Each structure stands twice: as structure tokens, then as C-alpha cells.
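What follows are several structures.
Two complexes come next, and they have one chain in common, subunit A, joined by subunit B in the first and subunit C in the second.
Up next is the complex of A and B:
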């Protein structure tokens, strides 16, 4: 069982290495990766040095180039792929047919992983990526329960990786334009969802109202913490009543599912959060390391370790448990 | 320029669904009609019995018929439905997920708007495997559309030109959730909203529509005024997505604009009479938020999908 940890900066990468990650994933400081946030990510030089640092500690580095290339500017994505390979990346995490095809042809020896943004949700789709591009691993979309994951593992020749902690998409990844409908910027094209540049908070009739692109996403009473207005986790009104019609403002915490996911044959567990600070990342990685060690030894996992990590948010095991749907 | 009628995305009663296509066959000036269930595999059996008659009627009227695949394929029955679809010789397939490319024996095939084709290289990859028509993702801006159309002249480039915009797909059913049911025991409550369940913000602004596991916009995309711009960009086909309004009249208006028999601005005024009380939008085409309505040619061709949206020229 590999533990895959996020890094938004070289400092976070070092923190994750020291905390016990088996592999780190990160991206370049541009629109080629799906966490294209201001002040985040790696320059070419930083990536090279960080990969060298990780390798010295026996830790792998996976480079996410997982947005969909902009028509007419494919060179930017090609350069990202070439530079990541040259820097010694252990694998590239790709989503676009264009980038997968290019990487498979140009760098046939390079290990390729299918990004969660590709939305490969069944063995036939996974086979397509394996046969077409020689993909060695697929990051499964967060729409599957543990039994379905086990069935996929049984039938697939490639490794599987699943998210176990952090932000939770309730829509299938790579197939959501809610953000661009409200703001003009989307995960697929810009590497952002519900971007901070389009967020505003206002006081209205004693309520704090959060908006995204001018649309009210939530409204908070006195004493209620005003959370970030991620579009799919807002409160809305329907003829059947108002509330969190898609999902509550929860994050994913599948720590209790780790034994089941291991038994399902999952190769790697992934923590979301390249936008998070180094202290957070180090803390989460350490906690997961302890839990995995406990599972390995047949002890019950110390799940309390993670309670502090969710930052006051409630958490869910999401689609992994049947019934979420 | 051709017109394609996209699949009915909502759960209409089987009779309504069949009658809709019979009338389309007899009266609508569209070249291609996409049938089948793309959204929810639980709905598929309802249509099954009517499909042969619908195909026959459409083909007798000279329409090219495509059969849409499911957008999200995760359950065993969904894999089975998808495999049967791509191996049947009933009609040409419009793939909405790359799952279809494993086991696809029928060629050529068409690519629906739910496959992520954002650039000329992805379009070329699919063209090399037999795609002859690609409906691009609705959020794609005009410059990208033009680049893809120019790079792949043998592929018919199609854009989503009318209808509430499909924005997301999920494993969770939001219709069932709103009715406090589970997806497995949903009682097909989505049938109660044949034009989608309205989702408003808490202060009453129209925002989204729920259609089972799918989320669409509340507003309706209309690229009617943008037809000359799209033609100039090399777009070969316009997709009209069925809503609860007179789709024959919608198709006639688009046909008249394509054939330059009516002024596009006047046509959109009439479109507002055919599908009243639903705001029109074309923001995606100009790199702006999808919900906004822009002046014709409202975005700078250089803007692509980066940078802030062009807010100064919004109409509403």
C-alpha cells in the first residue's frame, strides 16, 4: 500500500517526504495542472531539485499535467511533459487524450498514470487507457463504492489509486463545468474550481452571504462559520425544499475504509490538498502512516488522529460506502 | 451548416418520447437525430420498446440517426448496455464516454459533448479511430472551436447551440435526494420534471436545473445570433437539445437563420416566444461565465480560455 501525498511547494514536498510519504504528486506553476492557484506549484528548477531530494530519500515524485490542453497551444503541455520526464519524474499523471497520446509516443519508457480528471470509472474505460497508451495506473473517480472498486481491480491489469482524504468532488471529476458556468473558469480548462477571484462575502439582513460569480452559494446566521463557497456544496432552493441539494460542506475522510480498500486490492492511497500548507500536509501524512502501520499489524486504526485535520469541517466516506448515492 | 437534434436528456414518459420523435421525423428540418438514454441507465428500459419504430420513422424521413451512449458508466448493467450498444447494428453510435472505444466494432462513429475534446490533438486522436463528427464540450470558447475545426477538416465540428446546458454528471441522484429517496429506490421522481427541476439561489435567482444524476443550467444556451460567427469559425453543425417547448419551431428558426432567410436578432426574439420565461445565454462561446448573454462577437478571439471574463459587454 503506497501513500501518495500532495505538495504545492518544495517546502511541502520536503515535509511530506520527512513525514513518511511513499510518493509525492505535484505540478508546474501554470495552467497545465489542475491546482493552478496563485503562489503554488513548481518552477522547472524547483521540480528538478525536489525530485532529486525525494529520490535521495527513496520517495517517488509523480507530476500532474492533468488539465485539458488549450487548442492551438498544445506546445505548453508538450513542454511540461518533456520537462517533467527530463527532471526525472517517476510517473506523469495525465487526463487528456492529447497529452496521453503525446507522452506515450514521445516517451515510451515513461510510466503514465491516468488522472482522476479522465473519469475512468469501469474496467472497459481502464482497458482503453492501458491498451492505447500503456497506462500503468488509474486514479479512480470518486463515484465508486468499495465493492465496485474490488471488481475493477479484479478485472484490470493496471494498478488503482484512490483518494482517501481531503476535498471531495460530488460530481464526476473531469466532467463538471459548474464552475465555468458561474465564473468563466473551470477545472478542465483553467485548473481551478470556484476560484477565489470570483468569491465575495456580504452582510445582508444579519446574515453573512457568500457568493461565487455573483450567485449566492450560502447564507450563514450569527455564530455560524461562513465557509468557502464551493459551488456544489452550497445551499439552494428547489420546489422540494431548500438546503444542501448536492452535498454538505464536507470533506473526504476514508480512514475507516482503508482496510476494506486494501482488501479490495487498491495499490495506492492518495491525499488531496496541493493547496494546503506544509504543517497540514506533514500532520495528515504522519496520521495516515500510523493508521496504515496499525492496519498492517492487525490493530484497530487510531482514527482520532485525523479529527483535528478536517479543520472543523464534517467529513464523509463519500461514495465508498454504498448508500451515498 | 447542418442541424443535429441531441438526445432527450430528461425522463419523459415513453409515449411522449415516441410522439416527440414521430413529429420531429415528420416536421423538423434537422439532418441528424440522436436518440437513446445518455443520463441514467435506470431509464433505458422505458424507451427500449419504442426505439425500432422511432428509428424507422426518422430514417424514412431521411434523417441520419445516431444512438447516444451513457455518459457515466460504472455499474455492471451500464457496462452491459454500453457494450450492447457499440456492438449492435441498429444505428450509428454517438459515444459519450471513452468506455465505448473498448469493443467498438462499428465505424464510423460520432462523439457526443460529454467526451473531453478540448483541442485539435484530442480530435485528431478520435478521428484516426473513426470519428466523423464531434460535438465539442459546451464550455469550449470560440477560438478553440475554430482551431479544432481548421485542424480536422474531415471531421464535422458540432457545437451545443440550443438548450439548457449539461454541466455535470454524478453517481448520486439529486432528484432522489431532493425527494428524500435513495437512487436505488428512486421511484423515477425525475419524471415529474420533464424540463428539469429548478434550482434557485437562496435569494431567488435562477441558477441550475437537476435532471436525476445530471445537473444542467437554468438558463438556455442560444447561439442563434452567433450563427454567422460559428460558420466563419468552420463549425459544420449545430446541436439543438430538446426542451419542453416546440422543438419543431426551434429547428425551423435555426434552419432559417442558417439559410439566411431571417435576421438572427429577430430570430432570437421569436425564439423567446417559443421558449418563454427562460433566459438565453452564450457566455461560454466568448470565454465568459456560461450564464451570461453577450453581444454577438462579444469576446476577443485572443482571450481563449484564460484571464478574466469580458464583463464589460454583457447584456444581462
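Up next is the complex of A and C:
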């Protein structure tokens, strides 16, 4: 079982290597990757040096070029693909059909992974990516339970990768327009969900109020754990009362599901969080490394104890155990 | 899972005791200014990549407010004439300000504590230009700055050892928000 870890900076990449990552995913400092946040990501030179560092330690680097190319600017995505291949990327993580097609034709020997942003959630979709572009792995959307994942693995010839920890999108990966509605920018097109430039916090009557593009997203009372200022995890006033109508501020923690996911035939476990600091990356990667080692040796895995790292300081196993749709 | 065994993640910073805050409150800030200027000059020289990450945000004015100290800091990281100074309270007109316990701010800057986790736990508070604050956080996180060594490294191995001892002592203090370091 591979442990795939995030890195938003070269320092984070080195922290992930030292903490025991099998592979690290990262992206360029532009809108070609879905974590296009201020002060984050890699220059071309940094990526080249970081890949060399990772390879010296036997760790793979997967480059996420997983936004959807904007009409008239496809050159930006083509250059990202060419430069990532030239830097020695072990795989490219792509979502847009145009980028997959370009990469498959231009760099036929390059290993391609289908990003979670592509929303490939059934064997037919996965087969299409494999047959059309030679994709070797698909990152499954966080909408499937373990039985569904097992069924997909049985019917698919490609490897599967699933998220096991970190931020949780609410079922519309690759198709979400909530951030666009509030700010004009989206994770799918611009690489930013709830861009920081549109976020503001203010203290009102002892409450911390978060706004996004002028919309009030949430209000946290004294001592109440906070969450990211995303519309999907906002508190809404409705005729039936106020509350979270999409999802609560909560992070995925599927540590207890790892044995079941392994038995389902999953190839790789992925940790979300390229936007997080070195402390998060080192701590979470080290925790999951210990848990995986214990599972491999047939021992009881140690408790992950990662609640404080979670959004809203609350965790869920998400759809892996959900019975509803 | 056995309850006694955990993966032991450090997440919460300690808070300086209130007596310390009261004790340093009457002291003049003037002696701090040259030390801050020296530290910032060393950071600028040793970590030029920091400015690539900051981009346009390098020209902004940041307030750093330790909630357990009776003074704060104003930081203007611009590459041409970086400026850092201690102030009794944060002035108006700052682009962004970040407040939290001193150990939390240092831990986040040195990469031993996660800024988002501090924010989720309400230990950390960001005001103003959130993009600028994020860029500063990410740039400093990547730079791997050891503030103790920068400030006291000029005193040789003794200074480095003193910085480590202070850091160890701070870790034994009660955590902000009532949770202790594990």
C-alpha cells in the first residue's frame, strides 16, 4: 500500500520524505493546479530540485496539473505538462480531457493518473480514461463507500487511489460552482476554492464572523472550533431553521477504514493538504506511516490522534461508511 | 485500538504566564529594536527565496500580536528596506494582522505548529488581508527559519544552547485553550 502525501513547498516536500511518504504530489505556482494559494507551490527550478531530492530518497513525485484549461490559454497547461515531464515527474495527475489527450500524445511514455477532479466514479468512466489516454491510476472521488470501491476495483484494470485524511469536498468534485458564485473563481478553473483575497474575518459581539466575497459564511461563538470559509460548509438560515445544510466544518479521517480499503484492493492512500504547513504534513504523514506499518505487521494500529488537525476539530469517515445518496 | 498508544502529534502552543507579561510591561521597547532589525536583516540575507513566495505582498504592512505579551510587532518585509519594530499596541492602517500566543506564533513560523490547526482551535486570529497573511505564513514555513538561532546565534554555541533551553522551558508551560502538548 502506497502512502501519497501533499507538499505545497519544497520544505514541505522534504518534511514528507523524512516522515515516510512513498510518493508526494505537488503543483506549479499557477492556476494549473487545484491548490493555487498565495505563497504556495513550486517554481520550475524548485520542482526539478525537489524531484531530485525525493528520488535520492527513493520517493516518487506526482505533479498535479488538475484544473480545467481555460479557452484561449491552453498553452499554460501544455507548458506545465512539458515542464513537469522534463523535471522528471513520476506521474502527472490530470483531470481535463484536453490535458490528458495532450499528455498522452506528446509524452506517451509518461505515467498518467486521473485526478479526483475528473470525478471518475464508475468502471465505465475509468475504462474510458484508461483506453483513451493510457491512464494507469484513478483517484476516486470521495463519494463512494467501501463496497462500491471494491466493485470498481474488481471491474477496472487500473490502479485506484483514495483519500484517507484531510479536507473534504461535498460530493461535487470537479463540478462545484459555489466558490465561483461568490467570488468568480473556482477550484476547477482557477485552482482556488474560496480564494483568500475574497475572505475576511471580523469580530462582532464576541463572535468571529467569516465572509466570502461579501457573503456571510459562518459565525463562531467563543471557544467554538472554526472551519474554512467555504460556502459548502457555511451556516445557512432557512425557513426550517439555521444550520449546516450541505456539510459541517469537518475533515476526513479514514484511519479506521484502512484495513477495509486495503481488502477492497485499493493501491494507494492519499493525504489531502497541500495548503497546510510543514507541521501538519510531517505529523499526519508520520501518523499514517505508523498505522500502515502496524496493519502490515498484523498489529493493532495506534490511534491517530489527529482531531486537532481537522477542520472544526471534527473528523468523519465520510462516504466510506455512509448508506445514503 | 489500545488507548495508551497514540501517534502523538503536537498541536497546541503553551501560553506565557501572566506574571511574565506583567513583569516585562514596564520595560522600554528601545533595546528590542536593534535586535529585531538584526534578525530581519539576517533573514533577508539568508532566505532570498522568501520574497519570491511573498510576491507583491512583500510591500505590505503586517502586525504580529502575541496575545500573552504586553507589546506587538510591525513587520514590513519589503526586499529593499525591510523593517521590523516593537510597538506597545498594533497601529491602525495595517494590511494584515496575526494574533496568538507567542509560542504559537513562533511555532508556526518555525514549522513546528500548523497555522490552520491553530486557527481551527481559535488560538490564532487573522484580520485584514487574508491573502497577504497566508502568503507570509507559507513563505516563512518554506524558509525554515530558526528564530532562536537567528537572535542568539551571534553569541556562539552558548547562545544556541540558551535558545534551545528557552524553547524547552516554554514547552512545559500550560497550553493555550487548555490542551497540553503531547
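Criterion: the second predicted complex is superposed on the first by the 306 of 325 C-alpha atoms of A that agree within 3 Å, B and C clash if a C-alpha of one lies under 4 Å from a C-alpha of the other, contacts with A are read in each partner's own complex, and residues count from 1 in each chain.
Simple rule for what comes next: a residue touches a chain if its C-beta (ideal position, glycine included) is under 8 Å from a C-beta of that chain, and two chains touch if they have at least 3 such contacts.
This one's a predicted model, so the numbers in the text were calculated from it and none came from an experiment.
Peer 1: Of the two partner chains, subunit B (first) and subunit C (second), which one does A:215 touch, if any: first, second, both, or neither?
Peer 2: First partner only.
Peer 1: Please indicate which partner A:83 is in contact with in the superposed arrangement: first for subunit B, second for subunit C, both, or neither.
Peer 2: It touches nothing on subunit B or subunit C.
Peer 1: Just checking: does A:2 make contact with subunit B only, subunit C only, both, or neither of them? Give me first, second, both or neither.
Peer 2: The answer is neither, since A:2 touches no partner chain.
Peer 1: Is A:199 touching the first partner subunit B, the second partner subunit C, both, or neither of them?
Peer 2: After superposition on chain A, A:199 lies in contact with subunit C alone.
Peer 1: For A:37 in the superposed arrangement: first (subunit B), second (subunit C), both or neither?
Peer 2: Second partner only.
Peer 1: Report for A:159: first if it touches subunit B alone, second if subunit C alone, otherwise both or neither.
Peer 2: Neither partner.
Peer 1: If you count the residues of subunit A that each partner touches, which comes out higher, subunit B or subunit C?
Peer 2: B
Peer 1: Do subunit B and subunit C land on any of the same subunit A residues, and which?
Peer 2: Common interface on subunit A, subunit B vs subunit C: 197.
Peer 1: Touching subunit A in the complex: which residues of subunit C?
Peer 2: On the subunit C side, the touching residues are 1-3, 5-12, 52-55, 57, 107-108, 111-117, 119-122, 125-127, 129-139, 141-144, 179, 182.
Peer 1: Okay, in this complex, where on subunit A does subunit B touch?
Peer 2: 31, 68-74, 95-98, 101-102, 118-125, 127-129, 131-132, 143-144, 148, 151, 170-172, 174-178, 180-186, 188-190, 197, 209, 213, 215-219, 232, 235-242, 245-247, 319, 323-325
Peer 1: Under the touch definition given earlier, write down the residues of subunit B that touch subunit A in their complex.
Peer 2: 71-76, 78-79, 82-83, 97-99, 101-103, 114, 116-122, 125-126, 137-140, 143-145, 147-148, 165, 167-174, 177-179, 182-184, 197-205, 207-208, 210, 215, 217, 283-284, 287-291, 304-306, 308-309
Peer 1: Subunit C touches which residues of subunit A in the complex?
Peer 2: Contact set of subunit A toward subunit C: 8-12, 15, 37-40, 43, 195-197, 199-202, 208, 220, 223-227, 249, 275-280, 283-284, 286-287, 290-291, 300-306, 308-313.
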